[in-house]
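Both complexes below contain chain A, partnered by chain B and then by chain C.
Entry: the complex of A and B
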């Protein structure tokens, strides 16, 4: 039987050309990409987000950086802001906050092959491309026992139609408390591929949020990889209104007993946006709790994808995992793909998952309208409540209020 | 004044007729009660007046002070003065009761071209109304009707009625699921709202509610129309003899 060599797409050809001059240290990661090309629907993890057909192009690699707009989405939120424009750090790297160290390094980052990597060993093409093309890795350390008095805000911005690859490694030492906010802003035509890795010690509280506000003609691929020690609490929220194509991957592993992770997401989509959240929570040790709640509001011809997998290893007894994905379709042309999975190898666990997809409840809508709320206002109130269930899981009040405000604006713009 | 003339209504696919030429007039300040057996169309009538979209209006009209309600969206009807106290009030998780009350009051004010309420005035009115109905403050902070008992939900409906000040209030089996204490509280709430420019349509199976909310007129409904009209003594007669006379009249 003749072997079939698929034709390369224009995005793949552009990526091959960009990878031609990579240093030796990056060639193993790049090789993993060239072998397989962009993932397509026959690759299980990308079945609902066929990057081969969705990614039309790979714009040229970012060289120098432009300058970021001065206002952030948070208005007057007091935070230590680290700005990364077009894949490059802006200004001096210095930690202006007690308990924080910050540095950059140029070594080849983890593409899943590093010893003890939290990323899939089988190789993820988005992470492989990131590992190949990132030139500077930002390293942030939170010192033992430090309770940061304000959040760290990693602000990723693109100012040109370029490909920007960024990587940040965050080490949170035992007993530290930190809020880490990741915002993504960018212009039409830009491709951003960002990886954040965190390593959480024992007795830590880490609250993380990823906010996707890039232009609706931009592509944003982000990955969060994390490991957690014992008795720690991690929350990670994801909020999406931006991008033509977005994929947010979360790989989280419990490595110490008695920890809790709460992972949530709210996506408000319209037009032809395609937004994917892919999540793997690995209960590798006993007595950990994970909660996942994702809400999608889909208008126009938008597509939402939620893939969530909870793995419970054989000795991870007393695991408590609950995963929920809920979607509201506002138009007939909108699509939601839900793929919840449980892989349980232990016998004394409590795990569950649920997924719902539907229109707004007509009886509820009538009840609100019978009280005088015009239809758009009644729908907005119901949707605000629907999204609110996911936003409630974000502990930082200022961030939560900002996201509630963004939700309200999105609903108002709907009319 | 609410005037219903020759109202014919089917459920949306047109397959089943529920109202068959119903005529009913309720004057300003009047409390009218509608009684009738299960399936006579009482709840359908209340939904059709409020504008629920699941019904097909085949013929007839509903006028509120001369305005044709059937041409108006449900929210416009509410702003024009229609209030329906639901038989089964709905739960809205994630929408705090206070937020909902304010949104409803402001939407109606805006629709009538009046200014929005100032927050302190709004708070005062809600607090006062809630106290009268024995609704604790913490219920107002919770999601609307979420985790409320049947009696609490009905009291919340009456609070909404008091705040929205309708010109025609329809109570759809407000007595169902209420114990005697709750029935008294709810009835007192309704009686306090009786006034010369507000009329009520009280829908019930049982005469008991009408001991507390004493009607001016009683109408018997059967097979989708009003088959008998009388004073409050008609309710007592129904209590004694049942609906058999009226049901068989129609069937015959």
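Entry: the complex of A and C
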């Protein structure tokens, strides 16, 4: 265990070269990255997702942007679509929806050093890279009391094997109601690093959905940072079938009493996909409720990682936190790594977590087969129910139906 | 109302000094020079009259230790330890190789008497104790006496200090020492390999059910001294042994280091039940003094159908860093871990287990109960992993934490890793405080807040207490109440 200075990997060298000409304002974020390099398994937060060995390369930074395919995954869903291709906003910046403002800015964004940042102070390398390379930050505001009639759809697309860095900051003022959908599409070889920050006032209802549909040879690193005021409700649903390597991080902090957050997710993986979900729910004030439910279906030699942490700060009494992670392994050789964590500094709380890993229940399978269902269909039915538990927590009906459809086609393709 | 009566009695005992083993014994001691170096390693080996191969083993470990860095992943905080600022060997002078108990320094016997550890066989036979327990008494760096050796010998059981085993049974020691916890396993285990002084050695031959409980009682007495215990237990095919371990230390302002390594090996159909009641001095209410308890305990279920069960009651130590683990190598082998960790004052506990499923149809069960009070921090950290070939591995984990008071912390950090589709792992954890309803119910029936807390806590830890041998269960129950003194109200 002698300390050694490892050689730089080709991905690290590529990133260093890309960062060479960065303006001064970005240097501190990039400095954080160069100091530590890509995180590896000895770094506790990346113990199960060793980016040093998983990230083979960092493709060149995106320059000119291509055009996005016209079809979206939702078909005819009526939404205000904001398309970001290869890290840049497409078309004119205008809000076509009452109660929404939208703008772009070029300042260096937060990498955990900003005052009261929701991101880890110790410096998360993925966020540090994002802060260093993002050149266009999208700012979306929802005005006070606005109840949006349509969802906002942030559509992130990569059209070439490039590195695309994006950042969106969403401010939801008191009393507003909004559905925010994030979809990620991209081609093989692309690397996307996206950070969405939201700041929610009091009495807000925010429903967020993130869907990862990038190519199975693409890398997607996404981060969601959020703070919540009093009596607000936030839901965040995640759905993953894409990417060779993906890490989704959620840092959510309760800053006002009486709020509720529900974070859910379903990942359907096969081949050699490696998909990591890491979340930190920080109960900084009393009387908030958090619920987390994640389901992983792992086929082939896929690897699923779930790391969830509930923090209850001193004085955050009457906190109610429950976290559940369930995984089904369909093949030997598929791997699930679960690390649900509780960090509790207040006594009058109800907190719990559960984690299960296993195969499909033989008895149930037998029951279905005894009723004449062929094995693949019986399995698909059980998996659909398994994934359904997580999808159910997404309030937007249209989105939920789309995701149920995607689940069905994934199961069909499995055969 | 037996339970209530018992609780009331326990609570009455709380009036006495919280840590009742804090006395020290004045003895003339033989010490190594202060500090740590190759010479000290040689000194210890020479003192023990060890063969050349043992010295080489120690020196190799020492050299490797020098290249290692202290682990910092545990949720414990303490000032950097100066390893050159303590003594690595301290032995009572008058105790040079006693043949019988009569040759042992009466002051030491007195100390054990005060601790309630019977060393005189006739007293035990006279029915002072309800059942027979053989004891190996380790005082600072040496084993002072081992009881019932003759009777155990008749059954073929070897029970002696590890120093004696190195001399008398070198073939067994060479074969098994370091085979479960490798020399370079971790920083403290490697340090232990270099400077371990004493501990117990148990060998249960094939097909033997050990006729009595075996136990070792560790006592740190000397100031400024580290204790490096080394225990090795081997259960051959079809054998069974139940082993108990207890430990205490005097009340001092300084921090003393206890870095132990315990290795267990079970062959086919064998079973080892290992119970610990850890009651090292925890430091005072402000966190001054106390033992740093950095321990590596691991069992290797080498044979098919073998079983290792760890039961621990942790109430002492300023800092506990301890993860008794099972390597489930043999097919159908089973690992169990039952733990109660109570922390009060400024104590810091980072403890848990590892269940490594390698063989087919291996099963494991983890029940952990953490109770934090005062300003203490109590962390459960556990790993359950299934190797790709661990078909039908099963694990059930339950860890509950109870918080008493608003300045303490309870944390749960489980790691579940599965690479086999037929493996089924279930983990559940809860954290809560004693509910108002429970308190109200007890108070309504005339119990004081403190009595009610003791009663509820005893109910909370019952699952684990049931796993302890009888004598220990009673002691442990009292200990838990004592540890929680001053945490209510």
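We adopt the following convention: the second predicted complex is superposed on the first by the 412 of 415 C-alpha atoms of A that agree within 3 Å, B and C clash if a C-alpha of one lies under 4 Å from a C-alpha of the other, contacts with A are read in each partner's own complex, and residues count from 1 in each chain.
Heads up, the rule we're going with is that a contact is a pair of C-beta atoms (placed from the backbone, for glycine too) under 8 Å apart; a residue touches a chain by one contact, two chains touch by 3 or more.
Remember, it's a predicted structure, so these values are computed and weren't measured experimentally.
Trainee: Is A:97 touching anything from chain B or chain C once the two structures are fitted on A? First, second, both or neither.
Mentor: neither
Trainee: Is A:128 in contact with chain B, with chain C, with both, or with neither (first, second, both, neither)?
Mentor: Neither partner.
Trainee: Which partner does A:152 contact after superposing on A: first (chain B), second (chain C), both, neither?
Mentor: In the superposition, A:152 contacts neither chain B nor chain C.
Trainee: Give the label of whichever partner, chain B or chain C, reaches more residues of chain A.
Mentor: C
Trainee: Touching A:374 in the superposition: chain B (first), chain C (second), both, neither?
Mentor: It touches chain B, and chain C stays clear.
Trainee: Can A:358 be said to touch chain B (first), chain C (second), both, or neither?
Mentor: A:358: touches chain C, not chain B.
Trainee: Can you pull the chain A residues that chain B and chain C both touch?
Mentor: none
Trainee: Where on chain B is chain A touching in the complex?
Mentor: Against chain A, chain B makes touches at 50-54, 73-75, 77-79, 82-84, 86, 89-90, 92-95, 99-100, 103-105, 107-108, 111, 143, 160, 164.
Trainee: Which of the residues in chain C come into contact with chain A in the complex?
Mentor: Result: residues 67-69, 73, 184, 187, 388, 401, 403-433 of chain C touch chain A.
Trainee: Which positions of chain A touch chain B when the two form their complex?
Mentor: The touching residues are 362-364, 366-375, 377-378, 381-382, 384-386, 388-389.
Trainee: Per the contact definition, I'd like the list of chain A residues that touch chain C in the complex.
Mentor: Interface residues on the chain A side: 1-3, 44, 314-315, 317, 327, 329-359.
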